[in-house]
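Each of the next two complexes has subunit A plus one more chain, namely subunit B in the first and subunit C in the second.
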Partner chain A sequence: MHALSLYLHFVRVRIQSQMEYRFSFLMDTFSHFCVTFLDFTSVALLFARFHTLKHWTLWEVAFLYGMIGISFALAEMIGRGIDVFPRLVVRGEFDNMLIRPLGTFYQVLAYQFQLRRLGRTSQALLVFCIASSHLGIVWTPVKLLFLIAAIIGGICFFMGLFVIGATICFWTVQSIEVLNIFTYGGTEAGQYPMSIYRYWFRHFFTFVVPLAFVNYFPALSLLGKADPNGSPMILSQIGPAIGPAFLSLTLVFWRFGVKHYQSTGH
Partner chain B sequence: MLRVYLEFAKKSFQKRMQYRIANLAGLLTNFFFATVRILVFTAFYAAQTEPMPLDLNEVITYVCLTQAFLMVMPLWGRAEIAETIKDGSVAMQLAKPVDFHGYWFADECGKSIYYVIMRAIPTFVLARFLFDMWIPLDLTVIILFLFSITLAIVLGAAINITAFGTVFWTLDATGIVGFAFTLSTFFSGFLVPIALWPEWLQQIAAWLPFEGLVHLPFSIYLGKLTGGAALTAIFKQSLWVLIFVSLGRLILRRGFSHLVIQGG
Partner chain C sequence: MQSIIEVEDLSKEFKVYRHRQGFMGSFVNLFSRQHAVVRAVDHINFKIRRGEIVGYIGPNAAGKSTTIKMLTGILVPTSGGLRVNGRVPHEQRKENARRIGVVFGQRTHLWFDLPVEESFELLRHIYRIPMEQYRANLELFNDVLELHNFFQTPVRQLSLGQRMRADIAAALLHDPDVLFLDEPTIGLDVVAKERIRQFIREINQERQVTVLLTTHDLSDVEKLCERVILIDHARILFDGKLTAIRSLIPRERLLIVDYAERYPNVELRHTVIAYHENMRVHYRFSPDNISITDLISEILERFKIMDLSIQEPEIEEIVRLIYERKVLLEGQ
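== the complex of A and B ==
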């Protein structure tokens, strides 16, 4: 409980410091909104030209787009500290964290909080709401809870990727940007239904990197749609649980990494 | 005098040579994005019966081109020079008897040359084998494309300096730069080829500078703009370069006149 209140205090301080450059903050939040808005416009442009995408309509794709967008933007907002972690290792600042009486993961998490990602979150939420009203989805309490669980699962998934990227830094010291393939690349790939991809690609993002569980499988369940590739419905129902499981696994890796940390010194 | 700026460009190039592993990671990321986009376009084209302004192979080539030249697009990544304005270390540079815009321009060009050699050329080679990217064999097309892509890179540098130059007023340019970045990735045709857009939106793009970054050079590459039309495109690009170089110089001059160096 103490850790949580301390974390919230940190978040408040981070927000205050971002508000120092108020104009830039507003412009940045607005531009995040616009970036992702035009991002979605390009999906819509493709549908305007081609009409359908292998059994999927524009609004179904928008539904997927909204879900992964919300998860990713929130993960970036909360987990930005893990993302910039390499800097802490390079400058030897991680030493400071090791001598404080609080878990290292909490401290790294509290190191930054990116409020400007709200721009992207709200855009994704807007797309999601419009899509769900076009699709005529009736939001029963069970469905709503399932959706929230799926979003949290998605946040956990992306945070897990950040943790892997950060942990690798204990050995490499510099930031290895290969993980961008799965964070940014994953968001890009997850905007479209998994079923349109090739066999190897689909299976990689289901069983190796569980991206499909962030939005594709939960969305199938929410839309009441069967997977055109005939995967069992159970995958859709367990979807939200995969993210937290993935994050827990990566945290084991993190702890292993912390043990192997060698300071670069000041 | 020109030698000084060539030296700046060389230094900028050498600075980037230090990050070869990061470049390799970037190359991998480029390929991943290319793969996703190509798979998506393949799925869209699969059920298509009506003729399209670009056929699937042309779109694949276009996607490979966008990934090859991604890093020379403006407003992408960090701008170390804008950061020196924020932290005050720009004072050292100002003490030197060189034109600041020229120095910044040389730095951008050095960066672009690095990315053409280390990113664009490997992408071309790999994409040729992996995705069967189309390569023009007509010498006129190749020469026109080389002209046009050079202008695109120069235009990118000029837009970059103009957008980051606003850092004098805001101290943190990420907002304005982000906004300009959005406009440029969309209206350049980077996300969706302009040829596939509805007519009315194409009209708007034609009046904006951004098409000179992607749409015009790539259309020349694909042989969609030939002869007089290609020359008109190159003329348009040159005009935008002129406008943005002047604008950038103006912004920097105004900016320095009320610059406060922070720290000591």
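== the complex of A and C ==
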């Protein structure tokens, strides 16, 4: 309970300082909203030309797009601190976290809260809502809960990727740009149904980097669609649990990294 | 008396990577990295009793900060044992953190873009300090450190002296048993240094807070510590009473004056001219014979000056003397 209220305290302080530059904040949020919309327009244009993509309609793809967009934007909003972790190491601010009676991961999370990601979140949410109304999905409480679980699973998944990137900094100090392939590349790939991809690519994003579990499989279940590749329905049902599992696995790696932290300037 | 800090055969090694130069070099670096092992702390031992103020001194890169970082749970030792309050800092980091205060002179432990007051409020929540205790502490610290002058100012806008006052007060809000100070007076002027020293003394005497202080500044040690531990090249060279090495601390100071004009006679009472070139003169003097203020006022009366500075004796000098006179570990 203390941890949660303290976290909210941190977040409030962070939001206050972001609000000091209100105009810049609003412009940033708005431009985020617009830019990501352009992004979606390109998907829509594709469908204007081809109508369907291997048995997937525009609104079904928009559904996938919205789901992963919400997860990614929220992960960036909450997990911004993990994203900027190299800076914490270089400036020695991570030392300050180690002298506090709080968990390190918790403090890195509390270090920043990027409210302007609301721009992207609301854009993705809008696309998602329009898509789901076109598809005529009836939101029963069970479905709604499943959706929330899937979104949380997605947030955990992306934060897990951030954690891997941050942990590598314990050895390299610099950030590893290669990991953007999985974060940004992951969101791009996840906007389209897994079934359109080649075998190796699909399996990589299912079993190595479990992107399919946080987006594609839960979406299949919500849409009441069977996987054209014939994967069992159980994968869809356990989907939301994979995100948290992935995150906890990356946190084991994180703790290992903390033990190898060398600090700066001895 | 029981020891609050115990360090036994403690070592810390760092791997230092050698970077190859050039484009091809950085490409090769990706796949194979050469490294050298540097031993920053080499089998050191000491014990500190509750309520002591110990000066942990030594030249640059002797291993002072590394020791402090191990005692505060920031770094994991390579080998050896250490206990603070009976806890192993890197294994029980959070429990240890609750009972210690840490200040680094080189950078603040507060939140850079928050006002001092917000930072303190956050600490109150983090350490779950009862409101009564928080208020009482704040009032007490305010008396000596005069925090109210900059309590609403963001930490990034504070002067070095103000920042240090805020940092030290912040480190003591939760009534720690041990206070670790890493170069707390670095870069401060004489008045600011004195204020910080007075505060450390008061906290130590009134609250029995154990203080381990690393410093470059020998006057910190002379004014605060009864005991010093001297570390050089990762090993402890001396551990004992300050009085045992006091004779080694050179009494002589160096006064450097840049005159505004060329004067035929720049000699001063109780000083020896060590160096004279153009308008710059180095004077050697001992504060036992003439006070610094008298000396400066005499100069200002007689001459026009551009600049003036005083060099304190350096720890390197003591280290050299210890090696020379072989008083190695005599104090133990």
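To be clear about the criterion, the second predicted complex is superposed on the first by the 265 of 266 C-alpha atoms of A that agree within 3 Å, B and C clash if a C-alpha of one lies under 4 Å from a C-alpha of the other, contacts with A are read in each partner's own complex, and residues count from 1 in each chain.
In the analysis below, contacts are C-beta pairs under 8 Å (C-beta built on N, C-alpha and C of every residue); 3 or more make two chains touch, one makes a residue touch a chain.
Note that the coordinates shown come from a computational prediction; the quantities given were computed from them, not determined experimentally.
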For this session: Evaluate whether subunit B and subunit C can sit on subunit A together after superposition, giving fit or clash.
Result: fit
Problem set entry | Touching partner for A:133 - first (subunit B), second (subunit C), both, neither | neither
Exercise. Taking the superposition as given, does A:31 touch the first partner, subunit B, the second, subunit C, both, or neither?
Worked result: first
Exercise. Does subunit B (first) or subunit C (second) touch A:229, or do both, or does neither?
Worked result: neither
For this session: Take the Cα centre of subunit A as the vertex and report the angle out to the centres of subunit B and subunit C, nearest 10 degrees.
Result: 90
Problem set entry | Touching partner for A:21 - first (subunit B), second (subunit C), both, neither | first
Exercise. So, A:248: does it touch subunit B (first), subunit C (second), both, or neither?
Worked result: neither
Seminar exercise, completed: Chosen between subunit B and subunit C, the partner touching more subunit A residues is B
Exercise. Touching A:49 in the superposition: subunit B (first), subunit C (second), both, neither?
Worked result: first
For this session: Classify the contacts of A:259 with the two partner chains as first (subunit B alone), second (subunit C alone), both, or neither.
Result: second
For this session: Rounded to the nearest Å, state the minimum C-alpha distance from subunit B to subunit C in the superposed three-chain model.
Result: 7
For this session: Could you pull out which residues of subunit A sit against subunit B in one structure and against subunit C in the other?
Result: none
Seminar exercise, completed: Per the touch rule, the subunit A residues reaching subunit C in their complex are 2, 5-6, 9-10, 13, 17, 91-92, 95-96, 98-103, 259-263, 265-266
Problem set entry | Touch list for subunit A against partner subunit B, complex | 21, 23-28, 30-32, 34-35, 38-39, 41-42, 45-46, 48-50, 52-54, 174-178, 180-181, 184-185, 188-189, 192, 196-198, 201
Exercise. Touching subunit A in the complex: which residues of subunit B?
Worked result: 21-22, 25-26, 28-29, 32-33, 35-36, 39-40, 43-48, 52, 170-176, 178-179, 181-182, 185-186, 191-192, 196-198, 201
Seminar exercise, completed: subunit C residues touching subunit A in their complex are 14, 40, 61, 63, 65-66, 69, 72-76, 90, 93-95, 97-98, 100, 102, 104, 106-107, 109, 111, 113-114, 118, 122, 125-128
